[in-house]
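Letters are used for the chains, namely A, B, C and D, taken in the order the chains are written, and counting of residues starts over at 1 for each.
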Amino acid sequence: MADLKVRLHDLEFKNPITLASGTCGFAREMAEFFDPALLGGFFLKGSTLKNRDGNEYPRMAETAAGMLNAVGLQNKGVDYFIENIYPEIKDYDTQLIMNVNGSTVEDYIELAEKVNELDKINAIELNISCPNVKEGGMAFGVTCPGAEMVTREVRKVYHKTLIVKLSPNVTDISEIAKAVERQGADAVSLVNTFLGMAIDAEKRVPKLSTITGGLSGPAIKPIALRMVWQVANAVKIPVVGIGGIMNATDAIEFMLAGASIVQVGTAIFKDPMIALKIVKGLDEYLDRHNIQSANNLIGSLQV
Amino acid sequence: MPKKFVADFNVIQNTALNKTNFLIKIQTESKLPGILPGQFVNVEIKNSQEVFLRRPFSIFEVDYKLNTLAMIVKILGKGSEKLTNIRVGDTLSLVYPLGKHFTKPSASDKILLVGGGSGVAPMLFLAKESGLPKQQVDIILGARTQADHINVQHYSDFATLHYSSEDGSLGEKGFVTQHSVFTQNLKTYDKVYACGPDGMMKAVARQAKLAGVFCEVSLENLMACGFGVCLCCIEPTTKGNLCVCTDGPVFNINELKWQI
Amino acid sequence: MADLKVRLHDLEFKNPITLASGTCGFAREMAEFFDPALLGGFFLKGSTLKNRDGNEYPRMAETAAGMLNAVGLQNKGVDYFIENIYPEIKDYDTQLIMNVNGSTVEDYIELAEKVNELDKINAIELNISCPNVKEGGMAFGVTCPGAEMVTREVRKVYHKTLIVKLSPNVTDISEIAKAVERQGADAVSLVNTFLGMAIDAEKRVPKLSTITGGLSGPAIKPIALRMVWQVANAVKIPVVGIGGIMNATDAIEFMLAGASIVQVGTAIFKDPMIALKIVKGLDEYLDRHNIQSANNLIGSLQV
Amino acid sequence: MPKKFVADFNVIQNTALNKTNFLIKIQTESKLPGILPGQFVNVEIKNSQEVFLRRPFSIFEVDYKLNTLAMIVKILGKGSEKLTNIRVGDTLSLVYPLGKHFTKPSASDKILLVGGGSGVAPMLFLAKESGLPKQQVDIILGARTQADHINVQHYSDFATLHYSSEDGSLGEKGFVTQHSVFTQNLKTYDKVYACGPDGMMKAVARQAKLAGVFCEVSLENLMACGFGVCLCCIEPTTKGNLCVCTDGPVFNINELKWQI
């Protein structure tokens, strides 16, 4: 039994396996299947300042080894979260991380200020990479000035661990990572979904109400892994690896490439228990390879 | 204590009911939780290069003694096709039980069930589980032609069966909402339940609304997760966009924003 | 039997189905399976000025619904092609298009001049998007100035149909497309492969000798389709659709999104006869939908 | 006139030869083209969510009358595992025939064949097709233990069979290159052929080179296409990077850039 504990900035995770924002609800939905304390953490469903209805149906299209979604950040707003959801989940013995989303910098600031007050939320994930909203979201995440500006302003008001979630829809993701590092991000998480599209050939219409949507799942893994590798080699802050992780081997690959912790997303839809299996598989791998601590895996790819 | 489960079931029966509908019965070693009509399971489609996500199917029958579940699978596309090729002895991974059930009728209720296509599954389950004497339960089963109907004769123990088909080859000719039981008696029912193609459910809902009768329908929106985390399966309602997989699939028609 | 003929700039294709560069050799390899005259055309293996040995083995890694390659433009050089391969294939009754690659602008110019002399080569595809070479390649294709410069210079010396092949590894592919359009490109083809990576978790080494490689196959289709849709809406010149096309439905989706012709790539490895099946499937689709000509499909998505 | 083909074959036999090796025999309705030892087929792995590309396997037996092919499949990973689950009556899509064959020995040649692991397949095929009397054909079959060997007794009609195993449980103890037939007689052969794990082939090649004996090996580089268009399977040679799938898989060891 290897030591699975890892650190991300000043947070300790009991193991490096967490669930990705938008794919594990507010953790309570997962608690219907298993004890949340078994995982390293939960990146909660993206919150905005105000209630958002999200995009119209249909919001989902299956693709080869993946799926497109166009949810568009449906949520009841941060105040609803604080009053109605936070009390229910705050005592889960695991890391709970808020995923915050704005249309303007002011939104992000206000959100960060509110979340800063929540005792049991030790970190926020600044989502500047949502491809499914008209304003804000990815617009901030695909240019260095945009990413820098949001990070800088949020950094001023948020005093716990600040993770910035990067968009893969860019020419050079390391540049963006370096930009947010400069502005005080404590970690970067990557990747969010790739902007994609699906068409119903028989009906000759797009499959999503929004025409384009975000691609996730194993299809994107090779690109996500490359980006994590590039970013881990470009910045000094820790990296959270995301994108198509379906099993322990995938998770290990991201850690070898430089991720300190990983997020499992779409795989949850296929198997709500998958993250527990990944924790077990990671443990077995470490034992098999005589590696004492998960920490020793991080960035240990031999090139 | 978990309320939802992921488990491998053993396939113990796979019978063609007609050309496109199959009855698949599966068994688990663990004790089944309580399951009510309207709830569904999310089934993994193994060994397919094309199918990535699970596929939802209504629960059709439950046997708590044998720990078996049954579902009726209609071949619609690649996932359902693959599923109907499964053999006895294979395993099937299920996420279960999912969704909300139909409102249980009270003992004095007279109810009408309307099922079309694969929507007959939850209707028959509800007929069986309603706890009402047969006299209080009418069911109209609709399909295009006789060949599309499945044989459910043994359900006549639980309900009075009425058939309709578009070409008149079985029962009355026309849509379910043109069936005499529906047109003449609608107002006499305390509760109407419907499951089937969108068009059919909307037609039922329109009439029920006009008649002022309580009516629940079971929706089949596209799903990714099936347990409320992805927010892909939403349906606009009077309470905002709700998830069909957790807030539904059963909805009272007065909640829905259907233009009917 | 619908009319499958389509035009791309001033070239006529007997049907919109062609094979992608690097996946159909120099067409003669395909001629061992079927008559090349049955297809719209062949985009020949990437040529360079001089012989190139390409990258070291291993050059390939399988991924979910796709593969990574790191071939690195192995070829015997354009002169070898002209002397030894061209004579053998020039009378194939189909469009043969050279795919040209340089490390410098001068390389591209010299190549274009040489290919300009070949009677039976009616077009070149300027590859400014190869992710698998150290110099040139993608470096030109990921910035507007780079893409513009190469296109402008080649345009000066090349007098037949000039197709520029775009890299998907960019923030905004429409901008690049518009840039090459401005400089006189007659068409754009997209997408080339996505930069990706694969790791052997047991050995803790990259699976490719080059660490990163190019991702192709159905995994990338949703992103490629989105890009074709965006570019077709941004430029006036015709678009060649590429990326994960495995069957007739996929090809039709690209045409609906705005592609005039499509290229089939990785699918060939799974089924060398696939393109013929796609031609047949397209024909059946047009008949079923009462569409007289493949031309009417192009860009006919209803949004 | 096509020289290479893609076709669905019927599976007519799938027999476990030992724990990890399976003999799969398949049949086509069309006439088989001429096929020589060393050539291979590229097999589609259907119904797998993990396997995307085809998998290459050496041709082990050909019957032109029945239009059957056989191959020996060793379970190495997900593709080969899936393949060995195939059932009689299933179809298997093949791209065939691929690659270059071994140089045919001349009538007076004395030849030595060395096969390890699944590399025994092309060696046995070559033994059968060499056209030489049994006295001129020696074959050394190597494996880790007796359990890893497969029963090829019936090939003793075509060759003198010698066994080696690392633990001595069958034949001589040690590697194939430590077998007495190999160490004592190597120079007496006109041609040596080898197929098996890289390490084994390199050891054979080293000795053959030292002894100055003609030697061909059959490589198993990773392939994407199998017919010369992707340039993924290359091997550095005296003529530059050559494709194992079209310029090979059989190479004369003098052509290879092996550091041996």
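In the analysis below, a contact is a pair of C-beta atoms (placed from the backbone, for glycine too) under 8 Å apart; a residue touches a chain by one contact, two chains touch by 3 or more.
From a predicted model like this one, the values you see are computed outputs, not experimental measurements.
Colleague: Just to be sure I understand the contacts, which chains border both chain D and chain B?
Modeller: Output, common partners of chain B and chain D: nil, no chain qualifies.
Colleague: How big is the gap, in whole Å, between where the Cα atoms of chain A centre and where those of chain B centre?
Modeller: About 36 Å separates the centre of chain A from that of chain B.
Colleague: Can you give the whole-Å distance between the Cα centres of chain B and chain C?
Modeller: 48
Colleague: Need the CA-centroid distance for the pair chain A / chain C, whole Å please.
Modeller: Those two chain centres are 34 Å apart.
Colleague: At which residue positions does chain D touch at least two other chains?
Modeller: 49, 52
Colleague: Which chain A residues reach two or more other chains?
Modeller: Within chain A, residues 63-66, 217 contact more than one other chain.
Colleague: Think of each chain as a node with edges to the chains it touches; is that a line, ring, star, complete or other?
Modeller: Ring.
Colleague: What are all the touching pairs of chains?
Modeller: A-B, A-C, B-D, C-D
Colleague: Residues of chain C touching chain A in their complex?
Modeller: Residues of chain C touching chain A: 61, 63-66, 68, 142-143, 169-172, 194-199, 201, 204-206, 211-212, 215, 217-223, 225-226, 229, 244, 246, 249, 252-253, 256-257, 285, 300-303.
Colleague: Which chain D residues qualify as touching chain C in the complex?
Modeller: The contact residues of chain D facing chain C are 2-6, 44, 49-54, 93, 95, 221-236, 240-241, 246.
Colleague: Per the contact definition, I'd like the list of chain B residues that touch chain D in the complex.
Modeller: 46-49, 52
Colleague: In the complex, go through chain A and note every residue touching chain B.
Modeller: Per the stated touch rule, the residues are 22-25, 29-30, 32-34, 45, 51, 53-54, 57-60, 62-67, 69, 71, 74, 217, 266, 268-273.
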